[in-house]
């Protein structure tokens, strides 16, 4: 989901951010509790807010909150308020502006034919266009998220069944989406035709009375003890009810474009994504990076935590010792504000500190996953130098990020991307490194087991590195200003 | 407004409760501040929650909260967030269940043609019926209030202008309503065709650049220093914009039925309602009561605070001294729960205490405004006897309450009304009084300056005393169960 | 109690404020619940904060909070945390500054000989002097209240028993105090030698297993259903344990000086204070006032709520009708701040509004209890005139307040008292009244059943009218600055 | 500090916990902000609560809160309330019971000679004994911490100067303590005679107007950019004022006993403790462990985060690949409660998850820092086996923990320590490992650069491994029950 009132390209933050994780359970007496655990395992996909809607004998129940899953759902009374054998849940990433509860998913609506809850990971590229049409028709919106158009499209559909109404709605939206939805008779999972965002199916329990689980990543199956069954396929709808799992493919077949950045950064290292362990993929990228851009040095140091596996691969390939030269402080509170100008420059040190004993007098290879605006890299390099490093060579386990993402990842607008406006040499100078290298696009595909990128059919969405946008960016055309006038103020 | 998910007839509370107060300002730089003051003066019409929507150069702004007006709007930063020269506000009565913010008015919607805010005092009698139709059409509801049907009816109307859409909506609803609405071009005030609930127009400032004010009662004009201009008429829409005040009467003329209970209890004593000062009306009722049902006694004691003016009138007419034999404690917190059975019977004493020195050995006439369930009266009589009163004669300044209200007042269902099932003699025995008398229906009309009640054209709504319901009770027919399945859960 | 860090003479508020109410129970299974009810009945003596300490089988338990008694103790779980057959409680008035919980009474200390809780109504006049001595000795203070010196004096006393240590402490303090104290073996009540502040003894239950109650006023006995036994005498200590009530008088006898202002304003009208019903006393003062300073008029109007009984007495004596020409709004929230200059002058109208129908064209006698700074009186007179009154005559049921109180009442410093610097004629002009009269000092004593004030032995403390301070003002001498440096910061 | 009302040996938690971090600044305009940053870097030494006391021109100011440093001090207004050129701060570990603000340090007291603030890391072993004596003397305690005895001993000391009073107090206490204290004229740092807990001195700024910094660890110097000057010596008091740094050694010289567990677990890996980089020390322990107890395996896997450096040392020495086979989830909220029995066994998985791809079919060496109760180790081994490991060999980078700590580390009582009652073979069976080995005591000393442990003069406190308690455990003798009756209830 995306917040339509905030321009995701405006964030001052330096980095990529996944926007959501989704989870669903059918046929477990602990449905809501399993969902809370699954959302906890998916916390890296969104830390701002979470919600669960459960379906019990007395109908749907909902609980939502701002903060971490453990804090929102840690109270036994909260969980007691979410009875039932089915549930869906959602984690949301902390975008700057709108943190109102009404934007927290799953969205719920009371249709004429019954209740319906839906959780969405991804981003619609024609949400504003559709919203304007719906408002003109008399629809009143409750949230400022793109995801709400699903709900209205289903509400006004002329088809009779929930499934037909859902398909009717899906055919009108453009964009990336993995959905988990719940209504009276079934749990449903949906992936967009290109399969940009992940969604997996698991089974919990070996006996006849087993439960079914849908989740963004396999790590959420592991935490509840569910067995991985298969990935939901691009363009597939699975309908899970007491008769089992049915599959529908309402779209014409097309070649898939899974988000390649899930391997580089987003997915958790212990997840297996589309058949490949993420941890292994990252080590492979590190090895490829060492082959492509080796340099003499004394020590390979990861920028924690995301750079660690690639640095291990690099170290092994290059035969240079791997050391924890940077320590991460995991106790950073929500709101640390540096109070005076004279200490504001200490910024990045709140999260990272140099392990001076490992850096002093050394030639250091720093391995990180990406450079977005460059501000973090600059501070890291500076910190490593101040700790006494003799040389600092930065190696990046992704190609240069030259384009914004419109399919569900929070990135700055293009002109704020360092790689969009500068050569690698310029970037090295800007961040203050003695040398800088990115993995090549072909190297990245090689690390993922291909011969290199096949431009005719790459198999992955790599628009952030190539500008090859495979889904039309409808809202951007003719509507340069993204923000709608004023939406749904009534929700407070 | 009414909450459709709670049966207003279910409340355990013993008494009548007004459900709302509304206020609006056009053309003042202090629009929101004046609205906060006006809502404060109308606090007796609803103490649960309040909201203000203001319209400034950058569009609509909203703030809502639970609690008293002073606590919600006492913060200068809150007020600074409500800029603009126009505003509307609403107070809500504390019904048992749903205290969610999403039910707090004014309701706001972002229509295709612009923003629209509306505050509603009253109750619609076909809201559920309309809501079912709207949901079937694909409308998604955000709150569980009857008032939201106004918003959807306007949203889907095929008329072009806001005014025509509003009239279109009004023609579809049944019930009692005084509305204050705000859109980009104008402030609007509306009273239902029978004029059941009050609404007055005032002007603030003598010069050309004066402001216009709409309010439920004149006491809210007084607090902001506005001059009373006139009552809005039954069935009238006033449109206030920078060209002045326009009036439209879209309904066929009919004889009006103003709520007679506003005189007896709801309105503030310093308000002037439909030309009659409320305080004078109450003293007059007390005099009439003394004439009709005099009794020998030593002292006339009001049940504070509402019984005071009638007791003064009674005392003067009867020539029996008026004394404050019962003291009211105004410091009762929100949540006083008696913790053990042994002291639970102390209940009513939290609000009232006997002034023993005035009661001991006396023959006491107690004057109160009404008997609903009878539980409070029973406790009061018992308390007065325990303080040493020799005789206790209860006199009530309204006729027996035999029917429920469906036009905006929170009353128990009929079978819980003491007068619906018992004779006056039985009631006297139940509450423990030596004698009990109510004012007669004709006596009440005489006190209000008529010759008695004209059954053909009473001029007031007195359904709670007579069962003469002048507006059809659509939702009650064929829909015995009032509560809809599950509504708008998404709003949390 | 008093807060030593805030100068009580600095308050911007216009009025007198009682600072505390105290309550204690011995031998009831509902000790804490009864204490909560008693504190509720004493809420007029302090609305800022309340606390209860109970003594059960597992020792002392405490709960304190800011706000009204009903809100602090309305939760059944809170009450369940206060088990035991004995309890003491305290209400605190809202002084401006220090609202820290550590200043909320009862104070508790863990002495070498056991726990001890104490609640204090009054003000010590040598608290700062004693505190400086104690700090020099090595005592560390926890609160910024005068009352804490009691606790330290007891802690360091060389006597063996609690009672001897308490007497040792009492002999060192100057000032006004009514104390309720609880330790392992007994409940104790204490009044200072002059009996400035009230304290009464009651008995709850007729059988052998009755409970004993101590309270500031009889209205707190009434609410729990206890029978009034007697006033605690000036200079008396009562020790209540399972053997009954013992009395000790450790001080030399002296003539008492009960606070005369308790009759005029502080005590609740339904309390009986030192044998005289407060309501009757106030009506008598009103009658005396009418005799002393009658004036031709159409209507007698009380300034609610405190002026009502005196206005009734005045009306009856003068034969001029009594009318509620001013209506009080009881819903004023804690924090109503007027947001803009242009409406700031509306101030007083938040609490009072004019009942125009009763005032227009009339000659009005306003009856109020006192004039402190005069700001409120000025606004009231102005409001009454704006409502159309032809003449406004102010009559005050106390003599001019010319001196500050140092015995437990929050009053401004002398130079801010209107009567300290202006003649009655000047005061009339300042507040804008056509005439102004105060009751005479002798008239006040006459209304209380004496022949006038006997200067040699007045029997009441009337220092605020006469400057006749009967207890030495030690802290004021040689210590012009009242505020200690920085105290007990550790308590946060 | 320690909470005297809770038995630290009662905690259900499985692990060691450092109890405090301290920090102080003299002569910086950003004193409080630097202290907040320093406390942030010391967050690993206590995450429950933090406080800062600053000293500005208008005296001492204090702010304390529960939670993380960033959340407590992230608000610019909070920091603006802490002006001054000197400040002291304290982090507290989350012990089970008493989280009251009054227990949060720095403690502050208003002595006769001026204000005094103190922050304490460590634990006093005769605090209860002293407290009983002080209470008998008439001292009233405000908190339930051991540290408060310092304050009372200083308050009642008969010496004249603050320094002499401090020395007087220090000579009466037994136990481990590193103190940072602030009074009007100076910042002071103190280490107990054995130097059990760390304390370092740093200098910020090269010019004449430099600031001085005291901190528990060098990582807190690094974050503020201060240069390390030297460790405070065992038994040393440093007095820092505008004339520079003075040193006093009031105790007889004795051989020091620095806590060896700081190297194994507590200190941050990027700190340099007593001259040795912690990260290097841990890698060395891992190497020694590999030498002592090698085993054939496919992979060395650390239990994150604390086991990582030892696992790296082990891997290098053993020539077995190091892999991140366990992933840690850093988003665990404060209060995650598993709601039903059926999923309660998932417990440990909230913090750790198995990286299945790295474990399946492998012989795994797990490296962790210690085994306390064994419950965590059991769950980790189980998780690794469920992920498909063929063999699981546990290696521990400390000797068996056979004794409780009484010098400032929160450990279970002895009978709950797995190693106190079981042989290594039994422990292996209990935790389910194929083999288990601890580093030997001599091996540990070798890794720290000695020839082995010199029993006559070990140089480190290793009581938790040996029972060699070098400071008398006064409170334990003759006072088997640790918890005092009821303390300082008044603070609420």
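Chains: A, B, C and D, in written order; residue numbering restarts at 1 for each.
Simple rule for what comes next: contacts are C-beta pairs under 8 Å (C-beta built on N, C-alpha and C of every residue); 3 or more make two chains touch, one makes a residue touch a chain.
These numbers were taken from a predicted model, which means no experiment stands behind them.
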**Request:** Work out which chains are contact partners of both chain A and chain B.
**Result:** none
**Prompt:** Computing the C-alpha centre of each chain, which chain sits at the greatest distance from chain A?
**Reply:** C
**Fill in**
Cα centroid separation, chain C vs chain D, in Å, comes to 51
**Request:** Could you give the separation in Å between the centres of chain A and chain D, each centre being the mean of its C-alpha atoms?
**Result:** 37
**Prompt:** Using the average of all C-alpha atoms in each chain as its centre, how far is it in Å between chain B and chain D?
**Reply:** 63
**Message:** Going by the contact rule already set, what residues in chain B reach two or more other chains?
**Reply:** none
**Request:** Any two chains that touch count here, so list every such pair.
**Result:** A-B, A-D, B-C, C-D
**Message:** Using the touch definition from the top, list the residues of chain C that touch chain D in their complex.
**Reply:** 53, 59-64, 101-102, 104, 107-112, 115, 132, 135-142, 151-152, 155-157, 485-492
**Item:** Of chain B, residues touching chain C in the complex
**Value:** 29-30, 32-34, 36-37, 40-41, 43-44, 47, 67-76, 79-80, 219, 222-225, 268-270, 272, 277, 279-280, 305, 308-309, 312, 322-324, 327, 329-340, 342-343, 346, 349-350, 353-358
